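Pasting the structures here.
Two complexes are shown next, each including chain A; its partner changes from chain B in the first to chain C in the second.
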Partner chain A sequence: MTLSVPNDPVLSIQGLSLEFPVWRGALHALEDVTMQVYPGEIVGVVGESGCGKSVTAMATMRLLPEDAYRITAGSLHLLGQDMMAATQAQLRAIRGSGAAMIFQEPLTALNPTRRIGDLMIEVIRAHRKITKADAHAHAVDLLRQMRIADAPAIMRRYPFELSGGMRQRIVIALAFANDPRIVIADEPTTALDVTVQRQVLTLLQNRARDVGAAVLLITHDLGVVSEYTDRIYVMYAGKVVETGPTDRVLTAPRHPYTRALLNAGPEAVAAKSALASIPGTLPDLRQDIPGCRFAGRCALAQDHCRTALPPMRSPSPDQVFACWMEQGVAA
Partner chain B sequence: MAVLSLSPTRRSDLARTWHRISQSPVTLTGLVMLVLVALCVGILPSLLHTDPNAINLRARLAAPSWAHPFGTDEVGRDIFTRVMHGGRVSIGVALFVVAVSTSVGTVIGGLSGILGGRVDTVIMRLMDVVLAVPSLVLTMALAAALGPSLWNAMIAIAVVRIPTYVRLARGQTLVVREAGYVMAARVFGARSAQILGLHVVPNILSPILVQATLDIGAVILMVAGLSFIGLGAQPPAAEWGAMVSAGRSYILDQWWYSAFPGVAILFTSIAFNLLGDGIRDLSDPRQKGRS
Partner chain C sequence: MSIAIELHDIAVAFPAGRDWRGRITSYAHALNGVTLRVERGKTLGILGESGCGKSTLAQVMTGLLGPTSGRVEGVRGADRISIVLQDPNSSLNPRMPVWKIVTEPVFLHRTPGRQALRALAADLLVKVGLRPEHIDRYPHEFSGGQRQRIAIARALSSQPEIIILDEPTSALDVSVQAQILNLLMELQNERGLAYVFISHNVSVIRHFCDEVAVMYLGQIVEQGDAARVLTTPRHPYTRLLLGAVPRIGHGRASGPLDETELPSNRTLPSGCFFRNRCALAAPGCDEIQPLRLLDGGRQLRCQRDLTLET
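== the complex of A and B ==
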């Protein structure tokens, strides 16, 4: 398994803080988020709803509505391009060629009035100066690589004529149309049923490995993370609370939240017993939280957890967690 | 049903569209009526080589007969011939007006919806101002200000009808703008013009087309109305509204003078309305697969 390749990261987020102005104040959606994705690795971002996963993905491609958010600190570089300072032309050049994105809803990601082939040819030709016939051939090739049988026939179909799994495979084929170096997948299989999920994710993984593209896989599903990613970032309430190689973080979590999240999975309990849950809810992100954001729900919280930011601790070179406890929750 | 054939159904779109039309009696009726109108107005006058302005003072205000199926007017002009020729003017003007106001309105409304913010506010308030004035009054004012001629009447009607399309297009764009595929198009590096032309407009077109088709009937009425009060087609031009107007002083004794142009307006309006409903169903690609 490849880990931090000594190479320039394709995605580098440094101490990013992002907020949405709301009535009387602001919602601190991301706080001091640092993430790196290196060429060819598959990185997972996990956390519950509202923890800032999707905001991170959207910010990466600069897709958030321009006047609705503020960057208060930090920087974001995608393929070396400062995304916050990029012009519209620079954004167009990066989107869909060097960096691609896969959305949660394959049902809505395809224009219902356009045939699959027309759409694919448009995407291909947006970044390459090739003829329609060549683009068509390339599109058929892309579909074949996604194990789509009878690709030329699929090219003539409208999205509504295809199943959810088929549509998501087409979206993935589109994402790989212009040999991206990084693909950001925001909950790519949430809308699909479990059996189709595995097929689609395996195809995504194989395709990324084949072409050496990095993948930022955003999900709330720890099963998906454990199976398909090399490294993970665990997010809670807009902060990265723990990061490290997937197997280490999942087998020996250090942060109380990571452990609580793992315990909440159905795999962790015996059949027919109640599922574990994390008591409490996410803190109000409009308030300034001086201490650890998880303190309100943490069984091990001390007084100082609520008043001061926990330090970043690094028990091994590639694992980092943010907690006041020296060894975290490690046994 | 369990066997879903993945091999392409290679029936052409045209054949498919025809099949769908033939399944819907209302659309079919509208289409047949329109074909009839097109034949009478488009082809018949050319075949018969008749002059709509030919005067025959010996047959003034003649009742409908074999020689003059719709009767004649006060200077003996054949009303049948004039209704056929007048249709060219009335329908031509209506098509032109609707084409202009639809395309201009869709582009302005689409842009307004996509750009949002201040541009949107300014455009929409302007449209509100236009909509606040009763449309016939505004059209009359515009047409009168430009001077009475058919061309000026066309411009006046087109301008006044634009806000309806702007509002419709903007409302639809606001819905479509949030759709995943518009976001996806941006993610794949599409230009704004591409997003508007390929992803937004095709998806907002269905209600606009329906509105446009329904509007043709209304515009025919409006042109007729302007001509009726003397701001549109000028005599001796044959135009339905002008003919109804000219016939109104004879309505008690020579009913055919106003009635036949009036029936022509009614018939054509109904035809376009029926077809409008049909187009709405046809332009939804999700229905193309159905038989």
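== the complex of A and C ==
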């Protein structure tokens, strides 16, 4: 199931390099990241802590503190708008309207001092000139779409009165308040239990399908991307190391890191036997790394892997990986 | 086979609401009659979602919390039972050097002198795969996985018989989780430790544990051999839980959506606790369900038996 929609991408990141200035240098958080999200598709970004997936999400909406980072190369277009050149007014018009964001922890995403209804009405009226009564009706409708049974009663509640799963459903309802064309969800279910995770992700997926919105789903959980995304980007230490249709990348990974990540899970080996951990740790992103960023932990690394950037290889039109080995780790 | 620790019908209720005179008006029922035993050299997994009482159970086992009713028998005392907590960022004192953190459980019982403690700390660090010359460093100088190794070294220092592992890898990345689980398995083989492994992660429990107890609302609903319970679950809740785990390479999510929510533990449901969420609820489920013993040592708190029905 490939979705090479001939439309313009709703999100287009081209060769983006981003760094955070630190004492006597810079932390290279993103290096030459290229990503596209087309209308209506669900795209996953997977990787471990420190791989740059949240920085990518924050940069997409230009939510990083303005004086804390530098873009050193590349461009970022969200709904055709150059986000790096956008004015504050242009950013306000996009955020919460054409593009919406869902964060990990729903309790911190919702204002604790305001009732759910007041919050929703405010968000709706920030982008539409409608009366409070109409906004109220729209909010109730949004909550019903998220299968919240007693929507008018929930509108009168405060966030602390609701369960984690219910709060995240409200956050998703809010994200869809102004008919977004893309929703960026940064670890939306990491704080939730698995049974609730399934409810929330299924509702998110169905809602996106119904309104034709694209979703950029950022997670560390390979099971989640496997069940809920069409395409994925695998990131490691600030770089995209492999991308392609989800089922292909997860069943026939080409990059050594993707394979190592899949093999490290307890599902990969017999019970009680030793797990295939990835030795070593992330490289220090303050250093200049001339070669492949995974080379230090890669069992197959050669000398040139450490000295020169690996080429991007494309075994099929939609799968791309960055490795010196021509076929990658394909069996 | 000998028993390391045994719990008999443990119940814990926390005061949850008070009236204007400070009298307790309601309780949160965290544990509602838990009976289980941990064997020496074996790993018992406790599987459940938030609020099922698994961390309260850990506190009762370590003696940090006295049960409201019920008895604990077997290994007691802080030097014989250790605990490794979920988040090594908050469980290690940031103002203490590693050697002091690691030897604190020993220091609290006897004071062998600074040099002896430093030597012990260096030994322990080697055991958990860290460098002995790092004993003077502070927690912030280590990565998350390394910090969890320090927490494990601390748990080992008093030569305990049981280590309670309360979600020891849920704050870690999978590649680091694999390192920590491997280390824990090595230490168990070497020292014959008994582990109580508390987790919400089904695949980690299936991999790591000999036996598993599935908890729901402060009760064990199903218990038995980990591999068997987690491949052929017989309680409807175990089924719901396993069905919700996203799996790699099984295609897109499908199947009916469960829309039920966990009931509050302030007022416990009558009869079977899972009844209101159970698709298979039938007459008789409004009776209190005992934990009954099935073939192969499996215990099940359900009047029906799913393997026989579906």
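Just so it is clear, the second predicted complex is superposed on the first by the 325 of 331 C-alpha atoms of A that agree within 3 Å, B and C clash if a C-alpha of one lies under 4 Å from a C-alpha of the other, contacts with A are read in each partner's own complex, and residues count from 1 in each chain.
Here is the rule we use: a contact is a pair of C-beta atoms (placed from the backbone, for glycine too) under 8 Å apart; a residue touches a chain by one contact, two chains touch by 3 or more.
Because the structure is a prediction, the values reported are computed rather than measured.
Engineer: Report for A:Leu79: first if it touches chain B alone, second if chain C alone, otherwise both or neither.
Structural biologist: A:Leu79: touches no partner chain.
Engineer: Applying the document's definition of touch, where does A:Ile170 land relative to chain B and chain C: first, second, both, or neither?
Structural biologist: It touches nothing on chain B or chain C.
Engineer: Under the stated touch criterion, which partner chain does A:Cys305 make contact with: chain B (first), chain C (second), both, or neither?
Structural biologist: In the superposed model, A:Cys305 contacts neither chain B nor chain C.
Engineer: Is A:His220 touching anything from chain B or chain C once the two structures are fitted on A? First, second, both or neither.
Structural biologist: In the superposed model, A:His220 contacts chain C only, not chain B.
Engineer: Touch check for A:Thr251: first (chain B), second (chain C), both, or neither?
Structural biologist: After superposing on A, A:Thr251 lies in contact with chain C but is clear of chain B.
Engineer: Tell me the contact category for A:Ala29 with respect to chain B and chain C: first, second, both or neither.
Structural biologist: Touch partners of A:Ala29: none, neither chain B nor chain C.
Engineer: Could you tell me if A:Ala93 is touching chain B, chain C, both of them or neither one (first, second, both, neither)?
Structural biologist: So A:Ala93 only meets chain B here.
Engineer: With the touch criterion stated at the top, can you tell me which chain A residues are shared between the chain B interface and the chain C interface?
Structural biologist: Touching chain B and chain C on chain A: no residues.
Engineer: Tell me, which parts of chain B touch chain A in their complex?
Structural biologist: 6-8, 117, 179-181, 183-191, 194, 198-199, 202-203, 285-286, 288-289
Engineer: Residues of chain C touching chain A in their complex?
Structural biologist: Going by the criterion above, the answer is residues 49-50, 143-145, 173-179, 181-182, 185, 200, 202-204, 206-208, 226-227, 240-241, 243-253, 257-259, 261-262.
Engineer: Which part of chain A faces chain C closely enough to touch in the complex?
Structural biologist: By the definition above, chain A touches chain C via 48-49, 147, 163-166, 193-195, 197-199, 201-203, 205, 220-224, 226-228, 247, 250-251, 260-262, 264-267, 269, 271-272, 274-278, 281.
Engineer: Would you pull the chain A residues touching chain B in the complex into a rising list?
Structural biologist: 61, 63, 67, 91-97, 100-101, 103, 105, 107-114, 122-123, 126-127, 149-150, 153-154, 156-158, 160-161, 171, 174, 177
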